[in-house]
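Attaching a single structure in structure tokens format; questions to follow.
In order of appearance the chains are A, B, C and D, and numbering begins at 1 in each one.
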């Protein structure tokens, strides 16, 4: 197992980091978060079109870069670090793998090259708090009819393509691609996380053509869960990146802030708390890369690892964000300083795609009752 | 509600403290713990006979001092502080209240004056890990026959009187007083806590006279649980006292120990950890006195409070003992220094009379499902 | 026994008054104006202060010679509890009643008492506090706001900036800790001034908090004036007076505060029951632990108010602020975790919005009035006698 | 791909050797002699070292020029894992193989290498370490043991005390960090000496640990001698050599250690299943969290061994010791909590006794080899560049 980065991986990360340091500054993030509903269109254009973000995990056969989970993790870490207001996670970590895993060859040839080229912002119509398929599909004469509601869809407001897993009467699942103006009812949802927009979606007898269906002949819940693993890994990567970004800005603040004639950073109690956060981050990040490597090869305990990763990533982001506000003192409680944006993301992401209590319960079931130990 | 101590309470505490500072030194504790099975006979004689420990909560009508739960708490805190190797908890906090609550007038007149005078060391034959009555009683021609086993009886090795709650065939409970040489089989039990001896007890058709039965006409599980509340309070008091004693010795050590040309106590990270322990101790101790006051008046939420107290007291003793070993550094890991005696008590007491997980579950049941909130 | 009976009688009296008066147009004020919601309905709350004053419920703990009830500590506790239980709104008069009044009673001239106490007692004049500065947060000795004596008028002319002045935009007066001796450092050379807020040379800017509200302000002084008779104590006494005043902060209101905590916990439990979080064993354990901590807090407060003076009791008192503020901050998180993603969504469900605001606002509990870090320093150094942190030279 | 295949082949080879040799009279050694049980069966373990040597499994990572296998890092990891998986006993040769050998290879003269490396490789000579002193625990710069040059013989004459020398009573040699320049302070003026333990002027006293065992010693030097050719590097180089040697400690053995952790966790799970603790949701969550931490630890170790040199990777490496030691200490507590009061009772159930010993012994994980506090200082100061703690003057 090789968890150190290759030269290519390092340069990918550095390039992304450079772009985001330049273009996703605090001021840009605030502009997008406070005035543009959490979406920075020009940043997206740069990232998707110029830098080719969206090609990352599209197979080479479909004009993508054919890279794996490690590169996905690096990319989303960087997005998290700067709280980049772009639908990278929805598009690259959730949407694209769904099509790659579940789509037919025809659908893939049709969609993936365009996705790789950065032509779509994708939202996936699964309830974000605990992915379960709630939309119903029925075959019609010339295609399908979709019914149902999904109340919490991440990155829906900026999406140009909506992927809809839906259930047929016989229990099988299908995957549909719909344009937002295809007769969907889109409601607005405001959450405390100002850097990721959400929307509500309603299908009331929405008729779509036969070619809206992306899969060949249906798939199981289990296959859907497998296809969502990169999304869960990517969310953790985003959390870990955000924790790093938040720790960085905290370290910078306390190195400058003087109280009692000393920088706050010179107080040992503060130093030890920062050091402990470094260890937590190292722990979570190591598991991220380990799980990414295992996701690439489909290792046997990958689901447990991704559950564990979810726990560690949510914990470390929470811890760092909490400490960031505390260590900023008075100004940490003001809108003008950035810690609260991370803090908001910490609480919001902690309950996306399930909760840590659920993750721990699943791991326990395996460790205690299952084969693993 | 008055939680400050009266002059009498203060002087009681000071007197006990003085005695134990003199007589229950570290050397004396080690002598008893390492060589005499955790029992310091001469300390007991002084405490019971000279200082009248055992009279504390015997009603005045039976030649006792008639004091309440607050004084009981003060006394056991002091015992805990010095890890005094005497059966104060078993005798005063568990045994005496059982007789006071459940005994008939006749039994009380017979036993309590002697108990107050310090003539007995009492052990109560209830399994210490989760009190449930396992001994069976049957009426015989001239008394009763007891059968059953209790594998973990605190302070049994030094006891001169064993109180045995036993169950009759009709489900009712009775309370019996037996002398250790009354045909009981006593096995030895060694635990990691070297300052509280345990024993195992077996009744194989033990015949006792009619006057061995202390209660009038049987009592319920509920009545037994009520009668055990002072014991649970007293155990928490002992834990809190032990935490204080352990913190004190830690503070003393780190004030003298020099590393990098400074006392360890001058490092802010250490200072903050000590201060946080002080807060935890203040929290637990305040609840101790509040619960003691409420136990005296039989307040309605007293059982929840005693559960809460059990959680806080076990937590704070554990935390302080863990930190004590850590802050002692290398020598904290040696037998020659005292922290490990507190550490041992921390782990052992955490599972006496139930566990914190069970206590929290009971509180939750009340807070969430019951009336209280 | 009879003391207890009369306390119970007093409790009924307070409850009855509240039931009778917090009604009609005042009903709207119930549960409003507390932390995180501090700038709600200011006009109506001004009137409410006068309603309280008419019932002689402002400043109930001040001595009778100032026209107040002179309640005992136990009675004040009962008042606070019943006020909170009835949903009494956040008090605009809090700073005047709790801080300025006691300070003047302790250090003020007869003239100052005559001038200021009635306005506070009658709910007519409201006060803001001027302690913290951008560079003097935890380190109050680093006060930079300057007060210079104007030899012509005898006024003190003040220049500088104060931050975290709660509700300055709704107040009439502010007390200001300033440096009156050029070149002095630390606690020396400070002056304690009383200043009208509505004057040229004072500008008030709201501070937007992380939850979105703005109940605090920055107050900028640029040649603003305090007249000579508005100095409390002597010039140079400022530190002593400020420290005494800070000690009033951990006062009796804390038991009313705890009633608020109890209600917050009850709301969380209620939502947990409704949304199924109460089935989650981890949530159950956390709710139980919160209950335990709150109960302990109650007894800590009672012990603290009873004023025992042994070293142990002093230590406990030093730990109280750290305890309640961290408990409350954790409760803020627990409320959110009970709601799950549902709690993250902004909607107009009143209870959820309350818990969300608490989540944000409790972050400041561990900062204002002495950060966690300062509290732990104080406990270690003053309480345990551990070596002091050295001051730097910067 | 073929590298992976040959690693797997190598793994089978190690496993086969262990299965063949850790048997018969050596079977008794399985799982023995590890932390907390370090002084078990010393004679048989000496023989086992020679058995290993005969199979060329001692010092497998040393270069081939010293008669060893010169395994790659990946192969060494595999060896450690299979050794642990087979229940291989605690290594008496650990200090020699892991610390002294690499130090001599880096800093020793040809003569020293010739003199000492074979004894280590052949499992004939065992080493103890002489770093810590009663007043130089975390503060290794405060070494007080003195080495004085005897002009007549050229020997260094050593006086002082070392503590926490593991298994000194079973060892032949000790390396000693001592102060060779009168009046020097801190890292200056130190010398790194190799000394035979069996000589007049050296006394070894066992240190009884909190779990009852005594696998560490105090070693008292009173005029003991090291001959001139037993100085490593130059007099005055001691600090540099000692620091390099310490860096060898976070070596490859850590992955074998993790296999031990995995087995401990499995034992705890097994007991939890048997005694019903596995029904307790709080215990379940803690077991799951332990699994997560262990898995992360594995990847931390792999990343650490792969030796990336970016700032982030250096930071991760600095955090590794803090992570594993605290994880392990928590596991010690978890094992006890799973057993409940049953775990507190001393009996001869092997698994329970193992967990009890782990409970006590893991307390030292966060102390030896750099306390938690030192680790956090290092991460903050060296890793994050935060200001250094000032050294006192005492």
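FYI, a contact is a pair of C-beta atoms (placed from the backbone, for glycine too) under 8 Å apart; a residue touches a chain by one contact, two chains touch by 3 or more.
Everything numeric in this text was worked out from a predicted model, so none of it was measured.
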Farthest-lying chain, centroid of Cα atoms versus that of chain D: C
Result of counting contacting C-beta pairs for C-D and B-D, higher pair: B-D
Length of the line joining the C-alpha centres of chain A and chain B, rounded to whole Å: 53
Separation of mean Cα positions, chain D and chain A [Å, integer]: 41
Chain C and chain D: spacing of chain centres that average the CA atoms, whole Å: 55
Touching two or more other chains - residues of chain C: 281-282, 285, 373, 376, 389
Shared-contact residues (touching 2 or more other chains) in chain A: 262-263, 266-269, 271-272, 357, 360
Touch list for chain C against partner chain D, complex: 281-282, 285, 390
Residues on chain A engaged by chain B in the complex (per definition of touch): 267-269, 271-272
Sites on chain C touched by chain B in the complex: 262, 265-266, 269-270, 272-273, 278, 281, 284-285, 287-289, 291-293, 295-300, 302-303, 306-308, 313, 315-316, 318-320, 322-323, 373, 375-377, 379-381, 383-384, 386-387, 389
Contacting residues of chain B [partner chain C, same complex]: 1-5, 251, 255, 262-263, 265-266, 268, 271-272, 274-276, 278-279, 282-287, 289-290, 304-305, 307-309, 311-312, 357, 359-361, 363-364, 367-369, 372-373
Complex interface listing, chain D residues touching chain B: 132, 135, 137-139, 141-142, 163-164, 207-210, 212, 280, 282-283, 336-337, 340-346, 356, 359-360, 363-364, 366-368, 371-373, 376, 389, 391-394
